[in-house]
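Chains: A, B and C, in written order; residue numbering restarts at 1 for each.
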């Protein structure tokens, strides 16, 4: 599926954010992950359970069920499933075979992100979660806040493409957080394993239009983003008095940490979790308001492109620019990860990564 | 199509209910049957005509036409079709070739059900209609009433699955007509040709939550359902004073006859006709109110499962319980009927049962 | 795609009307042509540009962009395209390779029609545009007016079928512009290259029901339509005092020119541009009101038939009448044009005419 090779949809053996921690309560929540429904709920000990969102009996949505302790009872014929997916009650029979289970998903809460492992549970690898330090989470002197959750009518890669090429700030967000130099300043790129980094240093520029910072002169801005494939983009945004200013040059005016978690829900819908860090609650308040509009612009762009792609005949051709290097590298990285899974899956007789849809 | 083999959709050579008798008037009615539109109307002699719902000229919906005697004139170019489908007027030419006809469907009204034969008209077999006696229709001491008609956004087999496994009463309908014993009491099953019977006798149980019967003590309940494949479920529901009661044991408190006609309209929409019999008009009034909610719950379950199935990647796995024996047997029976038709169709050079959709 | 051979959708090397001239302004307009988005805008010199509606960079809808002179800047990453499709600015890099271009479409404005060439620009042939004289445009003594634009939820050929068989006036438009004789009077047909002509002369008939002409007696009517395949139907409608009237026989009561441009937007949506000519502005006013209802009836017919076709299983059979000769000839003509393109395309290694949809 564009922009990937036909038959490639998404990396399966990976962690994706499916909810904010605060959304996972004793009232089960249905979310989708790579074309499968998942039921999420909070266990009595505060941990999180993530099991199949379709009851394995007759596919009734399990998240409509009620909890009994840490077990979830399906409202249709009353089967009950423990937090690990094991069926632990079948009202119509006394014996529950061990093999009666709902799929369960490995789940980890890191800060407010509820990460769920989409692939083979045996291969769930906590070391693939981004470490707090490498994404500058829980830094001394910073406070953090989940900002928005959106369900987007677009294939997920359109969001990744957006985040891997921040030259778009100069145009799509020209009236808020972007300025011409977001496009004209080249970035410095680096790949370390599954991390793709891009860093752009803009010297002696004006404040971004909607920054609302109280400063008259020129500034130096740093805009950097690390993509932790396949599901998280973590960046920083710093504004300092321009180093050309003889008196206050280099003085920090604003420093932000931004987090975009992008999750393939289904083939053409995406979950988008946006969070921020800043040096004070007041700065977070300011950013919460400031960033509403650019995020809405990103969603608009993705949904408009999806509208175009879904109506068009034939596969569209594309221009490649120098500024696309990171986006191209990001697509290549995901394609390689998918190819490796497909090879491994085929070798092991596993399921193909893009099964035919249910008839 | 799940839960059938790929390429299997529905039994064609069979009767299905397409309307209540009262719905078929001199104003033609469009209904769909196995992916084909049908125009139904009342003839001057009170009989019913069922002809193609798409004009065989240019596919204008014939049910938008007007009757002239027993003939239906298409509002687009004015071709007129008799009740047997024969074209009997072409305004733009004087001669009407005998071969100019709309498809016509054998139709039989039994009580308030308008049964239409979906398959080869030559093979329409009235003996396949359920006999009044075997479904306890027009019984001495009973009155009958059509209750509700619903068009459901779900594949029809989800409704059949629902009706073939009444253990769901204990959960899906826990607040109205169901009670725990609907699930814990085993049923007695029997197959006679295309009839699958299930009978459950619950002894010494409480009244169902919403029964509104005036009785203080325990009761004995009988809940039985016969599936006349492929399109009708006919059941009885009896409540008596528990036989353990020394004085009134066995005294009949309520006796009902229930009828669920399930018709595949298209691949993912289903018509559902629900009727009841009881010992008095007052009891029918009571049931008409009482049963609204459980029927809405059944529809909700089917449409929710369809939502899950239609979004999911890949074919879902299923658990089989002991209580599924009847549903499994029902699916198997329909699959066998479809397989026989396909074999017969292929042998006779007939059309495959699941043709490709119109482009 | 019905009613064409599987794999045939629409003639590509042809002119289609995509807009009224007045719709094309300095505010770019998105329209679709044979499954591709097109951005239309007015150049500074008054000419019209028609370039790809999806930015060739990342498919953002170009018509959401802003004009800078005659160039259109994409609002996403700021690429700018000249009216001929050549990229003329990439903000993030200094060099713009010559090969960076958006597709551009040959475009011609004739009267209020904006004709766009859907196929190979090299083969755009102005001689395929209908000449003013052959469609009676800009005739002495006549004034002309664009009437309505509609986007219709139906495949385009249903509109062509409608216009190629005007016997439908007698029924679909029985309450407005049609009368029985529209169906019973045979037409005289003629083919000249890609023009199919049909002319029907009705003698000694009543006025059409809603004609609003002030005349008591019988009239003679001429109803003629020329199909200029694949996209325009140009007709005349004349009403005279019946020649049987000894005094005023032959006196012209009304004379109209009607124009229906039918454009395949996507596989199942069609643009419909309806215009009229008459002998005075007052007569155009009268017709503007009079023709609203019959045009709505034609749209209703096409959308209802599309609803039937899109839900039906399997390809529908059709009756052929004598009155269908012109419609059949029209379909055959389009099929031949498509077949020739496919042969030519295959011979030249070109793209197949019905590519698989984007995944």
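The definition used in the following text is that a contact is a pair of C-beta atoms (placed from the backbone, for glycine too) under 8 Å apart; a residue touches a chain by one contact, two chains touch by 3 or more.
Just so it is clear, the model here is predicted, and its values are computed rather than measured.
Q: What is the size of the turn, to the nearest 5°, that moves the C-alpha atoms of chain A onto the matching ones in chain B?
A: 120
Q: Same or different for chain A and chain C, when you check if over half of the residue numbers at their contact belong to both copies?
A: Counting shared over all numbers used gives less than one half: different.
Q: Please report how many Å separate the Cα centroid of chain A from that of chain C, as a whole number.
A: 46
Q: Chain B: which residues touch two or more other chains?
A: Within chain B, no residue touches at least two other chains.
Q: Give every residue of chain C touching chain B within the complex, in rising order.
A: 1-2, 6, 161, 165, 167-168, 170-172, 180, 183-184, 186, 301, 304-305, 307-319, 321-323
Q: For the complex, which residues does chain B have touching chain C?
A: 9, 32, 34-37, 53-54, 56-61, 64, 73-79, 87, 90-93, 100, 266-267, 351, 354-359
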